């Protein structure tokens, strides 16, 4: 089984140092980059599938040069190789452009499954994977809580979380699946994995390598533009109540009543 | 006349999803500002119920009966039918919810039409001939306002962005049949499972009572649930509580879970780490019960009660009961 | 908790070392730190942490790849120790002693011996311990009394070892015993790999200690314990020099532990100084507190940089490794004691109670001034490197 996992380097949310540059694009120098947390769940799901039935995992990312640093961790977790699409043209890409580029990169690969994280922590809306699937005419299965491929029949079953439970979906492979955290905690990279990651290949691809026409792609062709930014309104002062449990409870009830919530 | 479209999403029983009533209300406001028409599209094997409801919000609803939607995943089919209806005008604006279904529609619709996407809107106004979309980014540290270069595009709308209000008049419903065969692969639904205790989606709850590591275990979450029941709210949780297996993932709020904006967020035993904060900081009112007065949540809560939640919460239940009594 | 970030220049740490350090840091923060207070309170060996370290290959770090290890160099091992010690000094000692106990085999073991013992050590299935110290032979190593008498195809060991870290949980103990009482002082000892349990071997008792409480410090009794000759490490009479060479390479691990403990205490003190308000301002904004924090940070960084340089010098195998090793432990151990004491001071009354980890860190720090050679012995080693041995 060959699985492609889409990963994205994002500013470390824990560092809380994200900011926009003067061009209203993310200032990537302001914050240490990490693999998007939801992508690690997708990778973990892929690792479990490959451990169960053999195969390989290719990581695919679109990132500025230097984005390979974060990919090392994903390789250390057990992925086989990485592909990084990087091109100066791509800075400031919008959703449409990102989906088109990743679809073009996937077009060069053979795979059974593409796994993606639910969304990205740096403002991603979780819409790119659906765009990629539509461009490649791949079956698209999202919100997955369980993934069961069957190599024999060439089909995959997915439990898709719904508001009331789950649906069981079935589609032929190759297919694109959007993973949730319900698939299980990502592992820590083992130290042997880290040492082994050193010798794993991270292939760089420019747009020309993919045969993509740069004119419709990247920041220059973006369909969206930031008009202005502002700080969110500050919340009011915090009221702190110390006292007996009864006093605390009464304070909550009064507070909610004052605000007409109850 | 230009059109502001809203894609109607459906609940499991075929009724209109709440987020769509909000998106439709927003579409109407935008249409008024733009001098345009607000119109809805419903795609389903049986769209009648949702289309009827959507027509109470907008002046026109295209109601597409697509037998393919029975037994198949809805979003890609809906995206393709919506693309057929709205055509290829780059100035078209389409609103969908920012939940799983809405995201799936938005992504596929962008690929099919070439329209841009702005995601997770917390507010949309009309300015300079197009929508101006407010989004909260960087864990809530910044609010950006963005527009489309072509003055039109797809916008995913967070729940609770506006309060849904029906229009004064009921719109007309235009029944339609699908105009062509599908080019996107259909994905079969072979089984639908309703899990006991599965709650209403927490994104849409008006009141959320949430528990963290401090709740201590699944038994502690029963206490959280009884407060939620007393307040007629939903139960939420931090990642730590979900990872510990005390409560299902569907209830998780934060970076890797749901983003919520309830009127009241009652945080029990939650420290308020940044990963959780990003999921709930836009709540109208935040009340925290925590033993540690220096926990990060004290920096952004409106009210912090310092104390042991296992003592405060039973007292709170009594107080709520007395008040209701 | 706020972590003061250390930006390592790329020319000092490799990409792998940074990734490895960050991974161990994540393990330490997420899995080890939450256990630290309980490990201290119960004084129980943290078997769960040992399994975690084994599973994540942390215990395999010092062993060669061909024997199932990770093949990390000394600096890499020290980076891991530092990160674990930041959260829990006791837990870091599991790795430190895995290195210490196996170093005689690394330095003087035959390829056959390494092939026999390393796989189990590298996987973490077997823990190692280092059996050198005796009730009457602490700093004066050569005064050891434990005897090893040749008997056919093996040796028979008799004697007592004391203050043996992990002595009660180890499966392999490198024991130093007198094979020739008549030989010159530094030729009397030989080193043996003793696989336990084995008849005649007993754990007599565990010490009650000021700090590192979850790490069992054992008194071990050897009563007619038979050890095959194939388990002798090095030649007869090589024991003393093997012990000294071992300590030269293991002391940086203690220095790394000390740096980690100190950093953990500083992180706590800084977070507290930011949050705690008295007289309507953050206590960190009082100059006296600010100056303490600045001194703590500077001293830790100086100790860390000396440690990293010492690792590089020792790895390069220069003639001066005893001096580097002694210097880094001396500076780091004293830094840890000073910084943790000051951290308790910054937290005031809260620093003195177990609601915050700094009192534990202060207790844990003390041992780094004592074991693997007291600070006085380190100074002796450094001075001898400067002056040469006194003429006798």
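Odds and ends about this structure:
Every chain is named by a letter (A, B and C) in the order it is written, and numbering of its residues begins at 1.
Here is the rule we go by: contacts are C-beta pairs under 8 Å (C-beta built on N, C-alpha and C of every residue); 3 or more make two chains touch, one makes a residue touch a chain.
Just so it is clear, the structure is predicted and the values come from calculations on it, not from any experiment.
With contact taken as defined at the outset, there is no chain that touches subunit A as well as subunit C.
Comparing each chain's Cα centroid with the centroid of every protein Cα atom identifies chain A as the most central. Set against the Cα centre of subunit C, the chain with the most distant centre is B.
Chain pair with the most C-beta contact pairs: A-B. As a whole-number value, the distance joining the C-alpha centres of subunit A and subunit C reads 40 Å. Note: centroid distance subunit A to subunit B, computed from Cα atoms, is 20 Å. Chain centres here are Cα means. That of subunit B falls 54 Å from that of subunit C.
Listing the residues of subunit B that touch subunit A in their complex gives 11-12, 73, 75-76, 79, 98, 100, 103-108, 110-112, 114-120, 127, 132, 135-150, 153, 156, 183-195, 198, 200-201, 207, 231, 239, 242-243, 248-250, 252, 255-257, 263-264, 266, 274-275, 278, 282, 284-287, 289, 293, 298-308, 311-312, 314-316, 318-320, 323. If you check the complex, the residues on subunit A that touch subunit B are 11, 13-14, 16, 18-20, 24, 37-38, 41, 94-96, 99, 118-119, 121-135, 137-143, 145, 157, 160-172, 175, 180-182, 185, 222-232, 235-236, 238-243, 245-246, 248-253, 255-257, 259, 261-262. Contact residues of subunit A toward subunit C in the complex are 69, 72-73, 76, 188-195, 197-198. Residues 15-16, 19-20, 22-24, 26-27, 55-58, 60-61, 65, 70-72, 80 of subunit C are the ones touching subunit A in the complex.
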